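Two complexes, one shared chain (chain A), two partners (chain B, chain C).
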Partner chain A sequence: MASITLNNVWKIYNKSIIAVKDVSLICEDGEFLALLGPSGCGKTSSLRMIAGLEDISAGEIKIGDTVVNHLRPKERDIAMVFETYGLYPHLSVYDNIAFPLRVRNFEDDDIKERVSRAAGVVDLEGILDQYPSALGDGQKQRVSIARAIVRDPAVFLFDEPISHLDETLRRRMRAEIKHLQATLGTTMVYVTHDQIEAMAMADRIAIMDYGVIQQIGSPTDLYSDPANLFVAGFIGEPPMNLLPGFVENQNGKLWFKSNGFGVPLKNSKQVQVLQARANSGVTLGIRPRHIDSHFDEVPDSTGMELYGLEPHGEYNLLTFKVGDELLLVQSGAGFYPEIGQTIYLQFTDNIHFFDNETQESIFHKQGVHNG
Partner chain B sequence: MAEVKLENVTKRYGDLEAVSKMTWTANQGEFIVLFGPSGAGKTTTMEMIAGLESLDEGEIFFGEKAMGEVDTADRNVAMAFENYALYPHMSVFDNIAFPMKIPGRSDNYSKQEVKKRVEEIATVLQIEMLLDRKPQQLSGGQRQRVALGRCLIREPVVCLLDEPIAHLDAKLRHRMYAELKRIQRERGTTTIYATPAQTEAMAMADRVVVLFDGKVQQFASPRELYERPGSVAVAKFGGEQPMNILPIKLSEDKGKQYFIFENQRVLAPKNLQTMIETNKPAANSLLGIRPADITIELENTCEHGVTAILYAVEQLGSSARVTVQVGDHFIEIASKGHVAFEAKVGDMLWLSLDESPLYLFDAETTQLVSAAND
Partner chain C sequence: MSDIINQTDQSYEKLISGLEVSKDEKKPGQIIGKFFTYLALIAYSLFSLLPLWWTVTLAFKAETEIYTRTPKLFGFATTLDHWREVFSGDASIIGLDFLDAIKNSLIVVPAAVVLALILGGPVAYLLARYNFKGKEDVHFFYLSLYFMPPMLILIPLFVMYNKLGLYNTYFGMVLVLQLVTLPLVVLILRGFFEDIPIEIEHSARVDGAKPLWIFWRIILPLVRPGLVATAFLCTIFAWNNYIFSFLLTSGEKQSAVVRLTLYRTFTGFLWGPMSAAMLLTVLPVLILAIAIQKYIVRGLTLGAVKG
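Moving on to the complex of A and B:
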């Protein structure tokens, strides 16, 4: 086992396209780190540089204390799991798992013991004689995971291993990979574009956009204290509401206003930080579950006409029109209002503000969030 | 506009019965979602309604009129299927306007009217700035919206949509659900929408046709599907939090009701006792519990608890998903908020069902016997 360190790493294709821009991060020994972001954000290039499948344009990558920049992939003590499995169709499940041991000239007895241990970890004991063509997608991915763990590598690298599976299987595999990491304690770097996957499995997430790390933190950090508008909008489902507007003083109170829609700010710590921004452009961010909805008027509430209703079983998602934007509000399961009905919305103080120019969060690390 | 009625519709491909004796009616102006996994028969059903596929048995009616001998072109059906099928040489504007310009159609529109309608629809779909572009200059999600626009511009008898929103990002998707539902309500267009995503079905449908293996499992409103799933298949399929289904054996001992699950004998919680008394279910039954309705105890204090081993914990920001193992079974538990767990993977836990709304299904037929709110 080992940590992974990236020091000021760059990846530049064709001397002009910057895929990874000055990335520095540490994945601690035994940590599960997710590289998350939309397609083209540089996450896969970063992973491939760690694996040795891509040259490093500038900077340094270390596995443990060893600088690996000039080591070939097989000299790096890593194992990779791909979206496409990469199984050998002419080899049985057993031989597929044994393959990395055979090419490294392990003894037959040793191979047998390791394969059976690896197969046991991912529940493949019953199908070692079968060939990949006879397996379902989930089983194929398990074979590919067994092949990765059979060598006890220092580091596992996962490249979107479950994103193509159907919903039920994906949920199952998520729990399995998480369980695997808890039992093996191996350092894992996991690339995904799916924020739910990253949130569900990772100890920490490095979220990237345009080749740059936007924020590194635990899933809870990213969810409750996003550093900028990109992170705020990318993390969470249903997504955070982001309403562009401005703050202003009126009747001795500080208000946020957007498209004729006003929210009085009640939390004194938040008011203190925001006072300096009076009359300047900010974007308010609030998660759908942090807006309370009522049939009757309550203090500091705004009456709005219900535009749409999405029942989800566990909760209902109410939608409202604010100018051209759609405001999402999450309500309890039993709440079934009619479309067109007036609903009173009460914003909690679990809110975020972003500078319209820099897109940075004004409250980030200020400790003025509520929960 | 009219109701769309399917009566005993059957479609075979060789030995495979893709759609079996399907019967349901979309009322005029209703939003129906065909929901099921891939291969369930959704697209085949849509194609038969459109007249692109023939029927082996049964009949489809638009209003009173049987469609058996009516060609696709004469059915006045608008379609947006997953592969978009836009005209590559035409601009986005012309693609959307196309159905309004078909020569020989009775409903002739003036140029201004076409322009006004196209711009209206394009604004709703947030593609108004793309009207001059050609399809190959668009992303997949944008092409989907153009196909949707072309479908919505008309006033067809029925609008058939096959996963037109599937590839959009989360924010736009919620927007499209609201807008599509809105347009459909305002126009009163009978709409049939096929999707494998439960979220989509729940978000837009007046009623959902749940399809598995070409057969209708249940035909009900989203609320009813959630509160009274008719079978185990409906309760378990898809969604953010599919129901846990535990095979149990009911037994009575000294006047007390117990259930046996994975060799554990557990005193039946009060609501299960009531179900047993009212419904007299078979000894072999299936117990359904939603992930959000199970409470985890770190100590064995609950009277009706099941012993389990912690398998995995996933933190999801606003909630956490905990997977536990009981014998060969995995049970999912959703807890609100951040779970600061003292337990580690492999530790023993107790699942309390004291307050849980429970569902009981027959083990043989897998049909619902009793639901929590019955």
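Moving on to the complex of A and C:
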């Protein structure tokens, strides 16, 4: 068991393409850390540098207290699970799982015991004689996981392990991997592009874009207090509404104005922080579930014509046109207005503001959110 | 890779079951279509197999019937004289033992193929797996060996071989045949190596295997069908190569293909013995093909899937 430390790590390909830019993070001993981001954001490069499959262009990576920059993968005491499984097609399931032990010259009896234990953990007992080509995708990934846990490594590295599986299987494997990590208590770095996966599984998430870590925090932190526009837009389903506009001081009251509608700001702490931004361009971010919808006009509400309605079962998703953008509003499942009907929207104070220039959240770590 | 095999198997089964369905509900148009398909296939088979059969008949035909105006493909007087001639060793009309030439080919060709695999395999692997400066130039170099006419280098080669004492040696032949086999190995094997998902190697590295270990225990077993198919193609090309053996050997070190031409004597063509010797020359390659058929089909179709 060990922690993983990245200190100012860079990865530059062909002397010109910067894949990972000055990344520093710590994955604590026994922690489940997700590296989240769109494709090409540098998350996989980071993982591969931790694994030793990729050289480190600059910076330092430590596993436990050991600097591993120049250690081969073998010497890092890690195990990795790949997106495309990376099974050895010419070896049986048993031999696949036994492979890391054989390479390290374990005794046959020991191998047998460890393989059957690992196979038991991921429900593979019945198919140890089969070959990978005969297995389904879920089973293949189980074999790959069994191969990772068979050696009790200090660190697990998972590279998009379930993105090739279908939805049902993905849900199941998600639960299994999380359970596995919790019971084994092994440090795990888990790369994914799927925010739902990261939110559901990880203790903490490091969200990356263009090779830079945008924010590190617990799923709740990222959801309720995103550090910048990118994080705000990436985390959450349905996504956060992001409305460009400006802050205006009107008769002693602070308003957010955008494309023909205004939102009065009531929360005094927020007003205090925003006061300095009066008359400057900001982007308002608000999650669909933080906008209340009413048939009749209520104080501080804005009337808008309903553009569309999507029933989602536990809630209805209303859409409104704001300029060219769609405003999403989550309403109760019983709320069924007609298309074209005027609905009065009331913004709660669970809102975020982002600086249009720096894209940073103005409220980040200001303690102005109600959660 | 075996996934691909599995998939093709499955789609093949679908195809077959599809054909069975169509059997029940044949339309007239389909029958006519099939008729012409078969007609075309039969015509082509005759076109390509007839010369071969002609050769077979010549090897068994009595001397008098060889020169008939229209070749008798059936019902000719048979004799084993030509075969006796071919097997008569030094006492034969050509004054050289034809079996010796077969033996020469049987020594030189496998050696050339093995050497090409040993030398070319790592090159193909490097080209498939590593990025380095001039990588595609290396590839192009091997490709260019193919569009270079051998005539271009014959004279310098001949002079070099004489000076180096390689003329009329097995070693010299094995070496010069690399011009034929090495490019084949590099170009074909590269594709096979590229077909192996890189993740397999990565997981082996993470699992703790050393590069050489990975190459021997993981990569080689996986490319075995490709290796066999490549080796077989090399064997054919090397076995049938005429020009280098013609130029760089004489007398006792001649290859079978070159010695065949000796049946064209000053007094005329010895069609009978020549045909018998030709059949004998084809035989080893034919046996090899049948022996490794399973691998060849797998190897070649794997390449085909990749396209």
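Criterion: the second predicted complex is superposed on the first by the 371 of 371 C-alpha atoms of A that agree within 3 Å, B and C clash if a C-alpha of one lies under 4 Å from a C-alpha of the other, contacts with A are read in each partner's own complex, and residues count from 1 in each chain.
Here is the rule we go by: a residue touches a chain if its C-beta (ideal position, glycine included) is under 8 Å from a C-beta of that chain, and two chains touch if they have at least 3 such contacts.
Here the structure is a predicted model, which means the values were calculated and not measured.
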Partner chain in contact with A:Tyr85 - chain B first, chain C second, else both or neither: second
Partner contacting more residues of chain A (chain B vs chain C): B
Touched partner set for A:Arg104, first chain B, second chain C, both or neither: second
Partner chain in contact with A:Gly233 - chain B first, chain C second, else both or neither: first
Partner chain in contact with A:Ile196 - chain B first, chain C second, else both or neither: first
Chain B versus chain C as contact partner of A:Glu113, first or second or both or neither: neither
Touching partner for A:Pro73 - first (chain B), second (chain C), both, neither: second
Which superposed partner A:Glu305 touches (first chain B, second chain C, both, neither): neither
Contacts of A:Thr183 with chain B and chain C, given as first, second, both or neither: first
Contacts on chain A seen with chain B and repeated with chain C across the two complexes: none
Touching residues on chain A, where the partner in the complex is chain C: 51-53, 72-74, 78-80, 82-90, 99-100, 103-104, 131-134, 144, 147, 157
Of chain A, residues touching chain B in the complex: 166-168, 171-172, 174-176, 178-179, 182-183, 196, 199-201, 218-220, 222-224, 233, 235-239, 287, 289, 307-308, 310-314, 317, 319, 326, 328, 336, 339
Chain A-touching residues of chain B, taken from the complex the two chains share: 37-38, 170-171, 174-175, 177-179, 181-182, 185, 196-197, 199, 202-204, 222-223, 226, 237-242, 290, 292, 311-318, 321, 323, 330, 332, 334, 338, 344-346
Residue ranges of chain C touching chain A (in the complex, touch as defined): 1-3, 5-6, 197, 199-200, 202-210, 213, 218, 221-222
